[in-house]
Amino acid sequence: MRVGVLGARGKVGAEVCAAVEAADDMELVAAVDQGDPIEALVDGGAQVVVDFTHPDVVMDNLEFCVDHGIHAVVGTTGFDQNRLDILGNWLVKSPATGVLIAPNFSIGAILMMRFSALAAPFYESVEIIELHHPNKADAPSGTARRTAELIAAARREAGSAPIPDATSTSLDGARGAVVDGIHVHGLRIRGLVAHQEVVLGGVGETLTIRHDSLDRVSFTPGVLTGVRQIGAHPGLTVGLEHFLDL
Amino acid sequence: MRVGVLGARGKVGAEVCAAVEAADDMELVAAVDQGDPIEALVDGGAQVVVDFTHPDVVMDNLEFCVDHGIHAVVGTTGFDQNRLDILGNWLVKSPATGVLIAPNFSIGAILMMRFSALAAPFYESVEIIELHHPNKADAPSGTARRTAELIAAARREAGSAPIPDATSTSLDGARGAVVDGIHVHGLRIRGLVAHQEVVLGGVGETLTIRHDSLDRVSFTPGVLTGVRQIGAHPGLTVGLEHFLDL
Amino acid sequence: MRVGVLGARGKVGAEVCAAVEAADDMELVAAVDQGDPIEALVDGGAQVVVDFTHPDVVMDNLEFCVDHGIHAVVGTTGFDQNRLDILGNWLVKSPATGVLIAPNFSIGAILMMRFSALAAPFYESVEIIELHHPNKADAPSGTARRTAELIAAARREAGSAPIPDATSTSLDGARGAVVDGIHVHGLRIRGLVAHQEVVLGGVGETLTIRHDSLDRVSFTPGVLTGVRQIGAHPGLTVGLEHFLDL
Amino acid sequence: MRVGVLGARGKVGAEVCAAVEAADDMELVAAVDQGDPIEALVDGGAQVVVDFTHPDVVMDNLEFCVDHGIHAVVGTTGFDQNRLDILGNWLVKSPATGVLIAPNFSIGAILMMRFSALAAPFYESVEIIELHHPNKADAPSGTARRTAELIAAARREAGSAPIPDATSTSLDGARGAVVDGIHVHGLRIRGLVAHQEVVLGGVGETLTIRHDSLDRVSFTPGVLTGVRQIGAHPGLTVGLEHFLDL
């Protein structure tokens, strides 16, 4: 599999280049960054491109890729419905080409969210604990909010009963924040990176699903999964979870 | 939903009766044990029967249920292929009736096994830790062995690479037992009941799925799930996992 | 060691009787409850009495014990400074006798609190998670509040720097309750009993101390420890931690 | 506090230099490596030296420090009894000077070992789980072995009963390795760094002490603790635990 990387000298792009080179089934045929000619992708015969660039340039990059029938796996941010519509139109003219737009390449985070939503209707109780380094500005984390929304949706669809809670006297904040009916607790601890635990409970038993991200390179297996799967998924896909066959 | 219980005065059956009575959507219409007439099921208008009796009587019980078009949720042990074949033949004559034979009604254990097998192909490493009270005679536990087999099968099907392990000097047993290529570690600790943790890891991240059974009544939600779902699953089903829609 | 139990037919007292009978180094010589003559303690030759009775009768019980030189291990509640002063005066007249008043006999809870306070000055960050069944009325738990106070006191004494926290945008409650400067998070989950985790973190590492109480009988080892140690601790002691030699 | 670093351009030494510069109460006055004159320590007025060099040069370095009354905090390996005796003799002539030889600067690991040994006599059961990256050559880890030895010694001293274990049928290795009577389980998982969990259990409760080392810089707080405390500990000290006042 011949792979090109756009944004190859950025922090994330450099990690992607290293991961592609280390993969037995891939060859890095073009490492392109600001100032480099994008035609290097074609010259190198790239079948798939990974784009970690900037919202200002990613649409031009993708137009070039779709025009040349090169699949694209995209971690660059800034995609609204308008951009997705434009992409969809381009892809109509190149129906064999696939583009994956993914806000999150952490397979562990995706699995944690998916399993939590699958399990939630079988349990009376569910709460979320997220733990991060103390330099983080927002609480709870975006992943915790998203997990709460997915769990709440799954419970609504299943017609789950309200979660039991007899708390009658409480210090402010003791029971956490409430996101879509789900209690979420955020810890900020020096030494941690990014961690989340979903605790589900029923009569006499609990199920705990925990994701620990210990190093920022944890996104690379997700990117490689995207690269390997994109050829089998022509058209536009939003979210790596659609490639994981869960 | 009108429910009858066979083996109603046994330890497990008594818990089932209590759980049925506590459920808003169920009514306990017959509690039958040794010496009671099984016709009480028909007199009470039972739609579903739960059977926690004995291998010696369970086949007679099920013949009666199928004959009368009563669905059955069965926790009694001792079903071999021969018994399953006989059951299947009976059900041919009563095609709207469902029978569920389940060796394990713990929803948490089922979810843990299922999620572990789903996740395993996405990770380089996976090991199992099971923790039980120190009166347990066998190590590792049956659930841990079964989990290892399911994980190994999922990895084989996905063509996963061998699990990395550079251990070159080791004390006997330090790396656990190996079940179908998966390392399994068994702890025996006073105060614990039955617990299992599956640890999966890839570059920079880990996913941990943990099931804690803190009380033996943890099987009742699984039995109630069986009772609620059996009407929608005519014929013979082996394993509660087929009702969980995962 | 000859042991008497006051409140022997109460829920807790009955567990204490069973634990004393099961201990190799103890003999249950008197099991006294409402209506029984307290003199049975003397008749049986009790060396130590365990009292789980009621605030209305415990002072009379203890006066009898001290008068007869019988050591007492007391789990009954309702001791204010006035009662402790009275007890102290009685003990002056019987200097070889020991009385232990303990609000908490869980050795695990005591160790968790002690270790957390010892460790806290060595770490930049520390937060508390407590997890209980959903029928609990108060949040956070009394043990979590007490742990927070002990940690805060230890950090003050050590002159620890403020705990880092860059949170600038937050949902209400996301960062938990704040007890004496320590963030405390309370979860309520069906299936759980009483659990607490203290997470401490510094550059590149964390230390986690977790106590799981899975069954209400977990107080019995603490009571037996009190019985075994009371003879070596004449006078009045408040808190089992003073017998643990930490 | 004026601090010098020997081995300042090595991987570890460079981290130490950065940590000293980041500490409010310290000043880095000399960063010395191979080829640099050691007199820079005196010129800079160093009060304390940190040595992460090599067994071949560390004794010369320490002789220089002791001669000049500079305290030393030493992470360099290779100290046998003979070297410790020589050091002791030098220190006789400079009684106000302190030297700390520490094989392990991780405060978390030291606390975990200490707390485990303190707690072990109060519990019937105790086992150790250590989890590391899969490139590690030995199993169990040195820290796990040392923890087992400390726990076993504490239990022997307290006269603890044998640990209960009814295992009668077992797969090879299922119950882990046995170090000094303590069961130890080693996991090797991609994505992990260095982690250890000690699980203690008694009737109805468990206590778990877990240390997670997520980044190799986790030794720097221990080094800084050594630097801050060495002035108050003249003479020779082996092991950072003696400075932690536990």
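Each chain gets a letter, A, B, C and D, in the order it is written, and its residues are counted from 1.
Criterion: a residue touches a chain if its C-beta (ideal position, glycine included) is under 8 Å from a C-beta of that chain, and two chains touch if they have at least 3 such contacts.
Only a predicted model underlies this, so the values are computations on that prediction, with no experimental measurement involved.
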Task: chain B to chain C, fewest steps along touching chains - done: 1
TODO: Sort out for me whether A-B or A-C is joined by the greater number of C-beta contact pairs.
DONE: A-C
TODO: Please flag the chain sitting at the greatest distance from chain A, going by CA centroids.
DONE: C
Task: Intercentroid distance (Cα basis), chain C paired with chain A, Å - done: 46
Open item on the list: Can you work out the whole-Å distance between the CA centroids of chain A and chain D?
Closed with: 39
Task: Distance between the centres, which are taken as Cα means, of chain B and chain A, whole angstrom - done: 33
- [ ] Scan chain B for residues touching two or more other chains and write them down.
- [x] 191-192, 202-206, 212, 214-215, 218
TODO: Note which residues of chain C are touching chain D in the complex, please.
DONE: 19, 106-108, 111-112, 115, 118-119, 122-123, 202-221, 225, 244, 246
Open item on the list: Per the contact definition, I'd like the list of chain D residues that touch chain A in the complex.
Closed with: 191-193, 212, 214-215, 218
Open item on the list: Residue numbers of chain B touching chain D in their complex, please.
Closed with: 123-127, 129, 131, 134-140, 163-179, 183-192, 199-206
